[in-house]
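The same chain A turns up in both complexes below, where it pairs with chain B and then with chain C.
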Partner chain A sequence: MAFIKLNDLEIEVEDGTNIVEAAREHDIEVPHYCYHSGLSRPANCRMCLVEPYGPIPGAPPGTIGPARQLATGCTLTVRSAPPERKLEEKYDAIVRTDSERVIKAREDILEFLLVHHPLDCPVCDQAGECDLQDFSYRHGHDKSRYLEVKNVPPKKDLGPDVLLYSTRCIVCTRCIRFCDEVSGSGELGLINRGSHDEIDIPRSHEGIPIQLLDNKLAGNVVDICPVGALISKDFLFKSRPWFMEKANSVCSGCSVGCNVTVEYKTDGVYRIKPRFHEDINQHWMCDDGRLGYHYVNSDDRLQLPQKRVDGELVTTQWADALTLIAENLSEVDAADIVVIGSAQGTNEDNYVLQQFAHDVLKTTQLGLFGQLPGEEHKFPQFTIEADKNPNTAGARTILGSANGNVVLEGDALWEKVAGAKVVYLVSGVPERALEDAEREALEKVDFLIAQDVLPSAVTELADVVLPGTTFAEKDGTFTNSTGWVQRIRKTIDPPGEAQVDWEITQQLAKQLGGEIDYHFAGEIAIAIAENVAGYGDATHQNIGDAGIKLD
Partner chain B sequence: MSDEIIQIETPFQFNEENKREFDELIGRYPVKEAAMLPTLHLAQKQAGYISPAVMKYVAELLELTVMKVKDVVTFYPMFFEEPVGKYVIRVCHTLPCALRDCKVVLEHLKAKLGTDIALETNLAKGTTDDGKFTLMKVECLASCDVAPVIMVNDDLYKNLTPEKVDEILAQLPN
Partner chain C sequence: MVQERRILYEHLDTPNINTYDVFRQHDGYTRFEKAIAEYQPEEIADMVKEAGLKGRGGAGFSTGEKWSFVPRDIEPRYLCCNADESEPGTFSNRYVLEKNPHLLIEGILICCYAMGIETTYVYIRGEFTLGKKMLDAAIKEAYEQGYLGENVRDTGLNINIYTHPGAGAYICGEETGLIESLEGKRGQPRNKPPFPAVQGVFMKPTVVQNVETLCNLPFIVGNGVEWYTQMGPTYGDARFDPPKADPNTGTKLYCISGDVNEPGVYELDLGLTCTELIEVAGGLRGEEVKAVIPGGSSAPILTHYELDTRLDFTSLTLAKSMLGSGGIIVMNETRNIVDCLLNIMKFYAHESCGQCTPCRWGTPWVRDIVQRIADGDGRQTTITRPKFGVTESGRWGDTGETEEIYEDLDLLENVANNIANVDTMTWNTICVFGIAVSWPAVSYMRKFRPEFEAAIREGKLVTLPVAEATVPPEENYAYQQRIIPKEFADL
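Let's turn to the complex of A and B:
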């Protein structure tokens, strides 16, 4: 540990910590652009200048004063010094971030950074979450002295989801370093020289791309761009950032379980951004997850229960659908019923479902349904997993948690389904096609109850369809492939009369005279903590925003 | 978004002589990336200019991304991204040459060749219609004591006057 004096604070930091991070821990702002804690540090923006103190050459030993030159806070790291090199006999370093010299330097650097920057904040997507805007306001001059003609480089299309407004770029090179270091694809670079520097993809002289910014992590360059230069086409001109609510959640795109912030308004989800988690996704997420939310806002979402009348699905009332299901369920043997949970559902959904199966239907035949496996993508510092479900691990454990429960998957499940009379299938998997074996098995079922979010191959075969909810419309927890249990949070209301999946199951249970009575997801999590091995600490209160790792 | 990316129809490749030279020079550098400039010069000598096909070839040779090569090519004005004339005439216009009337030399060349001055981003502007000459302004050629100077391809010509320029142009083989 290093003991340092930062302004007037005496603080202890880990060896090797840089001043930007040390200051951030103690709520002192050191403005910076090129520095990003997930990337290398070229120190090219010069914004994070601080004033280190040291012995003054020529002065009597023991006198210390400000160094001759300011240093960049991002590359100035501190570590514990041997006793003879301590400053004022106790500090490993003395640094000021608030001296007059530092304040003047920031002003001047900002003036340079703004030389070619247009004043187009009113039409810029980044306005409101722009480091250039914020730092100019807090550390900059109140006016520009630049009278010459500004460079006006063209707006560029870099790839499927990224636009570059070159005029706004301050050439911090975060995006280039991201592509070199994290995604390892190296599509971005600097063209031209000096004040004509521009970020670009490789192009022919005529401007036709040789290679596009087209990797599965490309969306991250938009997040790390400190200004409005790199813009997501998906979010362009959709909303001002301050009009959106934010909720900390977990991506439902694969079993990595990237921590995300879901940004939403009452009419739907607007965008998903990654949230830092040291052990899971660091600062990043993939574009599949980032852009995979659109089904939540779809106009086709199931809003009312449906039942099959003369071969056609027609909408009906909840009471009617539940009565119909209860009638069909009470006539069959427990051995002829299969209950299938969803790897897209939360632990809470699956817990209530297995309780319903075990306690009410008295069946031990459960199954697990989920998205078909995709491809695994490995990057130097990131992995997208092949399992496209956020909660396979959790659903598997929790469905099988009660005595005697058997959780079938794959061929074994569809064999069992083919021989069953009634199947209650909770899907909630968007755009899931059915394989031949699965379709054949489901066609043989006498009475298929499908709970889903969108009309799908499953609902096409169903006798009763119940409208469920997506990850954005409910509270709960997901367990990722490495055993992290993490919270998802309700953002928007479900469409129409769609209901949270565990609430639907609970109503079914009540219809059949069962005694399942939860009031909110947190209550179920407590039941899980009490009854499922390994989940002892996994209450919503304990999980918080950081998640907890199962043993 | 046009998802269209350039299709390289005729890939570039070093001829045998240049391949041998490349193999020799690559051994002089600790990392392959360091050989970028000599490799690009070699490629430009053979191809005339650095086309996308050349960039791709050099990137593969040096185990780099195409963007790293493009980055370097756009940084240095001695690499051309479009076809240039057989003779590239570089007229120095830095201070000592300017004081010694490089402007006269330049204007004379413009009139004589019937072309404008090339821009870094638009070499065609300074290239004659017959593709023989490209006229461009450059920064200091490090011969201030014999200003004004021009370079024609790799040869330096000193103490120029319009008459001398005529002589130089006349003795260039076709």
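Let's turn to the complex of A and C:
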């Protein structure tokens, strides 16, 4: 630990911490653009200049004063010093971030940064969450002395989801370093020199792109761009950032379980951005997860229960659908019932489902349904897993938590399904195609109850369809592939009369005379904590925003 | 009349000195052999330190001291020879490369021996195609003669030299920019610390030396420290007690160009005055000296009042200028300083590498302001300040004193100082390119302000007579600085 004096604060920080981070821990702002804690530090924006103190050359020993040159806070790291090199006999470093020179330097740098900036905030997507705006407001001048003609480099289409408004670019090179260091694909680079520096992808002499910015992590460059230069096409002109509500949640795209912030308004989810988690996703997420939310806002979402009448699915009322299901379920033996949980569902959904199967239906035949495995993508500092479900690990454990429960997957499951009379299949998996074996097995079922969010291959075969909810519409927890249990949070209301999956299951149980009675997801989590081995600490209160890791 | 003292350039005009045989006839490689035979590597490093050799590339940093920063326990270490001579007004290294490349190789050998280095990279300016050709041929000969390669002359030393051409960027002459370029990246300077002596080429300890510095080594080893320190003045820095020796020893290759009768490279002792130098170069072409740029285009200008300034590292630093690369440009009374500054600023705006903010956008801004002044569009306001006094009619009242405000000159000075402050010698940039921009901008403007004001007032470039164009020494910030330090005296 290093003991440093930062302005007038005496603080202890880890060895090797830089001044920007040390200051941030103590709510002192050191403005910066090029520095990003997940990337290397070129110190090229010169915005984070701070004033280090040290011995004055030529003065009597022990005299401490400001160094001649300001230093960049991002590269100025502090370490505990040997006793003879301590400043004022106790500090390992003395740094000021509020001296006159520092304030002047910030003003000067901001003036230079705005020299060629178009100041088109009214039409810029970044406005409201723009470092250039914020720092100009807090540290800059209120007017420009620049009379000359501004550079107007062209707007560029870099890839499937990324636009570059070169005029707004401050050449901090975060995006270049991201492509070099995190995704390892190196599509971006600087072209030209000096004030004509531009970010670009490789192009032929005619300007035709040789390689697009189309790696699976490309969307992150939009997040790390401190200004409005890199813009997501998906979010372009959709909304002002300050009109959106934010909720901390977890990505449902694969079993990595990236921490995300879901930004939404009452009419739907607007975008998903990664949230820092040291052990899981650091600062990043993949584009599959980032852009995979569109099905939530789809107009085709199931809003009412449906039942099959003369081979056609027709909408019906909840009471009607539940009665119909109860009739069919009570007629058959427990051995002829298969209950299939979803790896897209939360732990809470699956817990209530297994409780329903075990306590009410008295069946031990459970299955696990989920998205078909995709491809694994490995990057130098990030992995996208092949399992495209957020909660396979959790669902598997929880479905099998009660005595005698057997959780079937793959061929074993579909064999069992083919021989069953009634199957209660909770899907909620968007765009899930059925493989031949699966389709054949489901076609043989006498009475298929499908709980889903969108019309799908499963609902096509179903006798009753129940409208469930997506990750954005419910509270709960996911368990990722490395055993982290993390919270997802409700953002928008479910469409129409769609209900949270565990509530549907609970109503079914009540219809069949069961005694399952939960009021909110947190209550189920407590039940999980009490009854499922390993989940002892996993109550919503304990999990918080950081998640907890199972033993 | 001062005479040239040719040491590095002694055999420059000898026919075929670029071949091994002729070079050998003129003591070639004997100094290296003497170094191996008579001295331990550490002794050579000590000799260089004692000789007070200062780096000839521009910064004038003590070579011996620089070597002492190189950790000797980290392998491999590299020597990087900076032959990217691109400072405007400088052209001394190219003659060494083109005419006497074996001298450079001998210098490299001595440095490699002293520092225990096995690999040397010579980064040659891309435009020096002939220089590279000659050096490559000489390196080939040296390999054939066993001075390079494995087990050099049966001494057990392994020394290899690789040449690498630059691609034409000025900034690649900056040592860390050069290293980045050598590694195959964009030529953009690195943040310091760590310095190249600790983490240089491929992040290994690296000695970066100018061609001229390396060429001095054979003569220090061959003729001894005492012989070397006779040349040039040694000052005493009286801030220390007893005064610390501040040597400016040896000769310097002065590249004299501009309004002199015989421009060219002259090898002279350090410590001569501007006047003497102009005399050596065949005298002034024209009526009188208007200004002298003492060390390449980035050095602050000297006025005709300052011609008695000694052209050595210490004296020029005290005069708030620098010897830099020794590219001396003389201007006579016909030159317009605004035009000169515009020329220089165009160069710097074009050559800024664009890595860090102040330089990337400040340098073209400075150029644009100077361009505007030169075009006659400079801004000027006349303001009237109320002042109570006796008016023309003999009554008490507002005498209405007017004052000329030259906004663009203030802006020019302010913007340049925001890139790098010449008064406090601090810069917000990564490398010293920032100060290389603001030094000329501010010094030209302050020392020749009447000419800038005239350009704004008249709406066109006006070349004033020398006496009118120059700010007198007592008002000249640098001149005042120059006469203050009594702390520096000849030892």
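Everything that follows uses one rule, which is that the second predicted complex is superposed on the first by the 551 of 551 C-alpha atoms of A that agree within 3 Å, B and C clash if a C-alpha of one lies under 4 Å from a C-alpha of the other, contacts with A are read in each partner's own complex, and residues count from 1 in each chain.
Note that in this section a contact is a pair of C-beta atoms (placed from the backbone, for glycine too) under 8 Å apart; a residue touches a chain by one contact, two chains touch by 3 or more.
Predicted, not measured: the structure shown is a model, and the values here were computed from it.
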| item | value |
| --- | --- |
| Contacts of A:S204 with chain B and chain C, given as first, second, both or neither | first |
| Which of chain B and chain C A:A43 touches, first, second, both or neither | second |
| Touched partner set for A:E111, first chain B, second chain C, both or neither | second |
| First, second, both or neither for A:R145, with chain B first and chain C second | second |
| Which partner, chain B or chain C, touches more chain A residues | C |
| Touching partner for A:R193 - first (chain B), second (chain C), both, neither | both |
| Which of chain B and chain C A:L119 touches, first, second, both or neither | neither |
| Intersection of chain A interface sets (partners chain B, chain C) | 190, 192-193 |
| Touching residues on chain B, where the partner in the complex is chain A | 1-6, 51-52, 55-56, 64-71, 74-75, 81-82 |
| Chain A - residues contacting chain C, complex | 42-47, 49, 58, 68-70, 72, 75, 105, 108-109, 111-113, 115-116, 145-148, 170-171, 190, 192-197 |
| Partner chain B, residues of chain A touching it in the complex | 157, 159-160, 185-193, 200-205, 208-212, 233 |
| Interfacial residue positions of chain C with respect to chain A in the complex | 169, 186, 191, 239, 349-358, 360-365, 368-369, 372, 411, 415, 418, 424-430 |
